[in-house]
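Next, two complexes with chain A in common: one pairs it with chain B, the other with chain C.
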Partner chain A sequence: MARIRTVELGRYLLNGKLGRQGCLCARRASFAGMSAIGQTRHFASPAQQFEPPIHPRKQAKDQAKALKASGKKQKKKNTDNQTVPGWELTVGIEIHAQLNTPRKLFSPAATSFNDTPNSHVALFDVALPGSQPAFQPDALIPAVRAALALGCDIQHVSRFDRKHYFHWDQPAGYQITQFYEPFAKDGHIVLRARDGIAAEDGDSIKIGIKQVQMEQDTAKTMALPGEVQWLDFNRVGVPLIEVITLPQMHHPATAAALVRKVQMLLNSVDACVSGMEAGGLRADVNVSVRRTDDTSGELGTRTEIKNLSSFKAVEDAIIAERDRQIALLEAGGVVAGETRGWSLGGTETRRLRGKEGEVDYRYMPDPDLGPVVIDEQLVSHLATSMGMLPDAEMDQLISEYGLSTKDALSLVQLDDGARIQYFYNVLDELELRLGADKSSDQSHVLLAANWCLHELGKLTEVSSDLEMTPSGECKVGSADLAAILHHIHRRQITAKVAKDLLWSVFRGEIEHRGVSEAIEAQGMWFQELAEEEYAAIADSVVQGEMKVVGEFLRFKTGKTKAYPQGKLMFLVGRMLQAGPEQKMDPASAERVLRVRIEEVYIPALEAMQAAEE
Partner chain B sequence: MLKTRTISNCRRIGISTTISHPRFSSSSTSSAIPRPQPSEAIDPAALLSNPTWSVRSLLPQPSDPATSSTPPPPTITSSQLHHLLRLSALPLPKSPAAESHMLSVLQSQLSFLQAIQSVDTEGVEPLRSIRDETAAGMAEATIGLNQAQVRAALASEEIMGRCQRPRRQRGAAVDASEAEEWDVLGTASQRAGRYFVVRSGKSGDKDGEIVG
Partner chain C sequence: MLARTGLRGLGLRQNAPPIQQQQRRLLNHFISKVPVEAQQQQQQQQDGSVAARRFTLAVKDNIATASPSTTTCASPFLTTYQSPFEATIITQLRARGAVLVGKTNLDEFGMGCHSIHSAFGPVSHNRGSDGVERSAGGSSGGSAVAVAEGDADVALGTDTGGSVRLPAAYTGVVGFKPSYGMLSRHGVVPYANSLDTVGLLAREVGPIKDLVIGDGLWAEHDPKDPTSLSAAARRRCAKDREGYGVPQQEEALSLNGIRFGIPLEYNIEELDPRIRDAWAAAAKLLQGLGARIVPVSLPSTRQALSTYYVIAPAEALSNLAKYDGIRYGSRREGSTEDSDGDGGVLYAANRGRGFGEEVKRRILLGSYTLSSEAMDNYFLKAQAVRRLVRRDFDRVFRLENPLVHEAELSFDLSDLPDSVAMENKFGPTEVDFLLCPTAPTLAPRLEDVLSQTSAVDAYMNDVFTVPASLAGLPAISIPMPVVASSGAAAAAAGGAEEDTAGLQLIGQLWDDARLLSVADALSKRLSGGRRS
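Showing the complex of A and B:
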């Protein structure tokens, strides 16, 4: 047998490529030897070199299949991850909120936000020797309102204590707080299903609030490279309230819902300056786990999670910490009582400070400050003048006005509470116009809500472009929208015309309170066709659609189970196309068509089929 | 008048008001000395010139530990001392001799406190500071609607919306010039524009910062 050239052999063995002749032997080799080689060898066909590339969609599908087959864990959704079988989670939350006051807590310097650094600093704020605190009574008003909104008992006498620790953002070396005798105790907050609690908590859950206390804020620091900090003492001494809940939450979603609800309540009584996202409200979460069959009745060691900057972070951090503690305990370890931090998008909490660094705060009553004595009269005045709280408002919207929970929630939350005021204004005007005609079944209310939410939302990409004022007016005047809705409700214009009008009002093409004149001027009143005219159009449309009528016959004779609603609407659409659309109401067209199908077309078809046989 | 108030305050914090003669035992509970009869003339100069009691009586008597009625205070360990010094941001002792001196001083201070701690204060409200706790005094300290500042704050609020919720008008100018107008940045040892500068590195003789 002739020797195979090394180059060709190498190319075949290493790359699977054959020469021009498609076989691996020299030209002068005998055919017998060649065929033997050809039968026993398996070689890559030349066709494989030219295979088309795999379609990307197929590639993605293959990858997903491979991933699933490999058994890699997919990240669980939060709603499915509320409980771990065999373990009970306990969560307690401490919320710090900046109070809405003109002056600081213990000095007459002004509170501010992003003003010139170190421009609102009193002598006591930087703890200059010889300076004394002077309690500013202004701080009591939002503090007492916040405590009342949380259902607490306001203590007649409360006192201030010092919490000692050294940090560069605290000039005095101690923070003045209310450790032993806070000004409000024993409150509660009721969370409902609509507040976003875990499904496992049922319809509603009541969380107790241990106490609400007043305390000072610290300075703002900016960390710079080279271990240098820049300090702005404008924020030192600004009043905060700390809300401490009882450890009665057992699901992460409920804990996040509690923080959201506390922020909403504080906002509604004008007690807090800004929300969690803006840094005006902070939540520190205490998490512990124990087995469900634990008979000792004691809670497990708790860890504290700080640096949470959003509601989602609260839920995610609790889930991560719970899983970490369970894994630790199942492996036979012990949970250390430490402080941990969380970063957005993280998977596990990280240790900030361990037990060795646990600080002894050496609480002592502050001797420079007298007790805070709150007058009963002031408390009752504030309690009666708080206005309707959000829960009561939501209940009224749902039960009295008949809105759905989802719609009511959206209305109340949009535009910082301005959208619901707009809705009330529109509703007032609408009811004024309708007078005695207003529907007893609240359909006009639902119409107004639908338009204030959805139609108004369609006008702009961002809701701030509507320029909604806090008193409830925007680019579309409430009186004008009410006029449009009034005409819709009385069926004087069609929905399509109404939407066009809304656009015109938004763009300022129709003058204020000139909606009715505009309709008159452009002749857009809805002059509905008579029944016979509808019937005539229906007849003309059905002419070429006998097959569709056959569907209705099949339903009548029982061959199909469901009424062919889709086919009906198809025919209605054809009718609207055929006839003068602005004079037609789809509902009336459908009604007439339905009747004519029953009475005229089906018998005609039956007669035709009988004649054919 | 002053004497009765001091005595009533002393009773409140539980210190015995019986005056003990230095010739008698150092214990705070002793039999009453014979009081001068009302008919006898009281010589104030003679009465006040001799001290009848000294704080020294509360310090540990090294010569006669048996007569001391209070139990010896627990000894402080070196690590406890270091912990206390760190909490107070005080420098640690430089040498073992300095440390033992500090410990002995602390020990005698604790035995002094023991005498106070041994008094039964069951049911006695601790005194936080001396203030006017009469009904008139408390009424003066009460914060309510009768205070001008509170009334002004409530009057400047506006009632918003259908739910009639009061809201403070933000952005209204607050006159705090009296408190704010002084050279704040003049107290800074190091500045950067309008900011105070602090070095946060653990260097030099600074102890590590304890983060609260």
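Showing the complex of A and C:
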């Protein structure tokens, strides 16, 4: 069986493994347990000298090759390429994800990443004669959580089956999976516009999940030069889940959105070790087309594209395969049911094997393994302790806190979910400081969101330099940011001072929890000028700018329609330059200036003009 | 440390190890033997209390013994394989005084009825004075011969469809297959997991009974074997059974009042008349001892053999998938047929070369019955028949099957065949044990089975042993004397009065303790009768 492994392999090797901190989130929303890649993404430590030669560049090469082969075709943008008139596309997806568990599915050997190859291998993992599987119930916790997040019915009894095929990465000659009686069935995912579905699918679309099953991973193959393959059995037997959707997607973008959403859901309930882009998730898509006027009710012959390892690959491969099938049918041809492959960045799918080369997996119930009985109590316990799912959280951020959809989505997705946790930490601290004083209008929440997202974002070029931890702490301590925000909210410091303080905290120039002391020490408290002092500065600025005052008069007399706000702000700028900036609030300056113009300078100008006439 | 011994030329494959030493009487029942020094070393490691119960143990070579001993399964794939771990049953027996003397020959991976399908050549057995080489039965033929020849006090075999009972019957020893789930299979190289059991062979019932019941093997759950019954399940099963409590006084056991069922369906046309007579004589003997003999019906018996030959090869296909010439066996370098590229099949040639004919036959059988086109008609039907076979047994036994839901235990009288006599208005008599022959014939001549061309003829030998395997029930084969019958047969057989056949006793699940006691008592009477 030809299978593409190199791409996936590169990702796998280059990414760290997840921390095993508690899965259940103490606070309201549940992102605490999400992938901890940021924390542990390091290359092998010096102790792990084993650095097998790999080909991470193979992917780029394939990409270049594919582009060249396509003859520099001008590619249509995907957003404009969701439908083909006269044809209906149908897509079903199978997604494989590694469960976040400490042990393998059928042996007590540890699951690991980047450890010395073949150092976590039990007798059964390499299928030594006479060894037997020992189901590790630990795997059920992330598996059931995943299935609950996907809205599935958890089956009280499920069973394991053997799926037979020969491959060097599979020592038993079969993979143990759940074919006949999976542990979860009949789920669904609701995809919304904000998830990035095709515009044609409207505001939201519900995609059915046929089943979710537990199964074993295979060994890791490392390709060496000269057709030599090395095998690392640390990965063999690591628990996976396979999520199988119903063929209910009709647009490529929606299919990609589904994969993205599955990953987000799995991460949010701490079911999965790493995201798709990190190689912990891979998708197979089934694609078929039929004419929109087809009345037979039957779907067209489907092809399967295996091992797609990025969201973009899912969308691009579906578009390419759809177009290939349509072209074939329009030319009078027939679509063959076959397995096809895809290179990242390519423009065409390629045939891997046809139906005649298809393996009959000879599924057989595993005679060594008893049924898995999942207690109703376990299911309800996991359901209640799972925390908030991303959609509910988004709804809260948008409708309760008043964030824009875009900001809410960024907050939820940044740093693998750690940013939102940071936001909650900052908000907690801030509300503690504000006490009863917190605004009823949630303006402090927006302030916190704005700073956690945008001001924090200005500190570094890449967000990983913030060193955000899964529990929501980074180089700028949540308590320190909350202190800064508290002073802004109370108008005790200016925004400019606040931004300087943020930099100082980031650079470590201010001690932890030393924000207020630093302001005190450097005399940065905002001591605002009195009205008369503002008025005096306003007067000094306007004196030389009587021409500008003319604009305001023209507005007042109805000669122009729009209030000359730009001119006003220009003058405010001049005021800030003229006066002691650290004692001035631009808003106050603007207010006083406006009054002075209305009450003093326009009448003065009118008087002058009247005198001239 | 281990020396390979006595390989015969017959059927020897090219990669089998060279003959190092002439084996006594050329029976070829050992694949490897533990040298005397190593045996002494084992003895020194035993402390006083264990040493007092010391016995010699031969082990079928599909049960893992730790290196330096090999575990070959009589397969060319594993001729040099040394297991990094030891089977649980070996560890358990060592703790009870076992001194390992060698690994015994078998049909490759346990598949066969005559122990002739071995990479190390066939096992033979010659009893009596005629000097004719007989089949030792299979697949645990080497273990049976080791016990019969006195090379070991006890031998371990594996019984999937009769592989311990049949050789015991052919070689005149005792062969016991325990309830499925009682003895750990961890370290037993699987042939068909849902049927495989570890079995014991000895010259008398006593040593087997002492180990399994007296020394508490029956009570030991092995967490490494997912099919080993849990401690709680063992307690539950034993609750309604006799013989697991305080050790019984030998004299206390009486056969008086015990009901033995004679399965009508076992009186087949192919049954050797001498065996039929001996069977009847055994029944008569039991009646004389106060037991009741009751005819019973097991209507699914006829389908049981075909069912077995669907299920077992299917599981075998799966279990043997790992032997691909990459990790086990050898791979021919540079051959284009081995290419994994387009059109090439990397493993096909390795597997074609590596497996023996019988194993290949069963892999092909399993490949067919599990294929997506044939699955429904074969594998699934076979599973359904397997349940019927178990229901047949549950219906005739007085004791209930502790592993079956009560709802499944009620039977409709209208389902019974007309031939079954009613005991009263509640139905036919329920029995304690079933009494039947172990095999339809006496041990055939080795020459005949080696020239046998039809595999189905060989499969016929399993007809009486397979049903208990399908239902997971305990069963034992004890020697019963075959009286020289009339005319030419007796004349031709010469010393025919020395012949024995196997008499099989089958009990309800987990009734192993009583089964062994009854078999012990009956066995003594039978052999006593022969001596007189």
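Simple rule for what comes next: the second predicted complex is superposed on the first by the 534 of 613 C-alpha atoms of A that agree within 3 Å, B and C clash if a C-alpha of one lies under 4 Å from a C-alpha of the other, contacts with A are read in each partner's own complex, and residues count from 1 in each chain.
The rule is simple: a contact is a pair of C-beta atoms (placed from the backbone, for glycine too) under 8 Å apart; a residue touches a chain by one contact, two chains touch by 3 or more.
Please read these numbers as outputs of a predicted model, since none were measured by experiment.
Trainee: When the two structures are superposed on chain A, do chain B and chain C clash or fit side by side?
Mentor: Once chain A is superposed (C-alpha atoms), there is a clash between chain B and chain C.
Trainee: For A:132, select first, second, both or neither according to whether it touches chain B, chain C, the two together, or no partner.
Mentor: Only chain C; A:132 stays clear of chain B.
Trainee: So, A:123: does it touch chain B (first), chain C (second), both, or neither?
Mentor: both
Trainee: See if chain A has more residues touched by chain B or by chain C, and give me that chain.
Mentor: When the residues of chain A touched by each partner are counted, B comes out ahead.
Trainee: Which partner does A:141 contact after superposing on A: first (chain B), second (chain C), both, neither?
Mentor: In the superposition, A:141 contacts chain B only.
Trainee: Could you look at A:419 and tell me whether it touches chain B, chain C, both or neither (first, second, both, neither)?
Mentor: neither
Trainee: Should A:370 be classified as contacting the first partner (chain B), the second (chain C), both, or neither?
Mentor: Both partners, chain B and chain C.
Trainee: Applying the document's definition of touch, where does A:235 land relative to chain B and chain C: first, second, both, or neither?
Mentor: neither
Trainee: In the overlay, answer first, second, both or neither for which of chain B and chain C A:168 touches.
Mentor: Both partners, chain B and chain C.
Trainee: Could you look at A:362 and tell me whether it touches chain B, chain C, both or neither (first, second, both, neither)?
Mentor: A:362 contacts both chain B and chain C.
Trainee: Going by the clash criterion at the top, which of the stretches 278-286, 422-430 or 440-448 from chain C hits chain B after superposition?
Mentor: Of the candidate stretches of chain C, chain B runs into 278-286.
Trainee: Using the superposition on A, tell me which residues of chain A are in contact with chain B and, in the other complex, with chain C.
Mentor: The answer is residues 123, 126, 128, 164, 166, 168, 173, 360, 362, 367-368, 370 of chain A.
Trainee: Given the complex with chain B, which residues does chain A contribute to the contact?
Mentor: For this pair, the touching residues of chain A are 100, 102-103, 107-110, 116-123, 126, 128, 136-138, 140-142, 159, 163-168, 170, 173, 175, 221-223, 227-233, 268-270, 353, 357, 359-362, 365, 367-368, 370-375, 377-378, 381, 385-389, 393, 417, 420-421, 424, 470-472.
Trainee: Over in the complex, which chain B residues touch chain A? Could you list them?
Mentor: So the residues of chain B touching chain A come out as 83, 87, 89, 126, 128-129, 131, 138, 141-147, 149-150, 153-154, 159-168, 170, 172, 174, 176, 178-180, 182, 184-185, 187, 192-201, 209-212.
Trainee: Spell out the residues on chain A that touch chain C in their complex, using ranges where they run on.
Mentor: 2, 123, 126-135, 162, 164, 166, 168, 171-174, 360, 362-364, 367-370
Trainee: Considering only the defined contacts, which chain C positions touch chain A in the complex?
Mentor: By the definition above, chain C touches chain A via 63-64, 71, 73, 78, 81, 83-85, 87, 185-190, 192-194, 223-227, 314-315, 317-318, 320-322, 324, 326-327, 342, 346-347, 367, 370-372, 375, 379.
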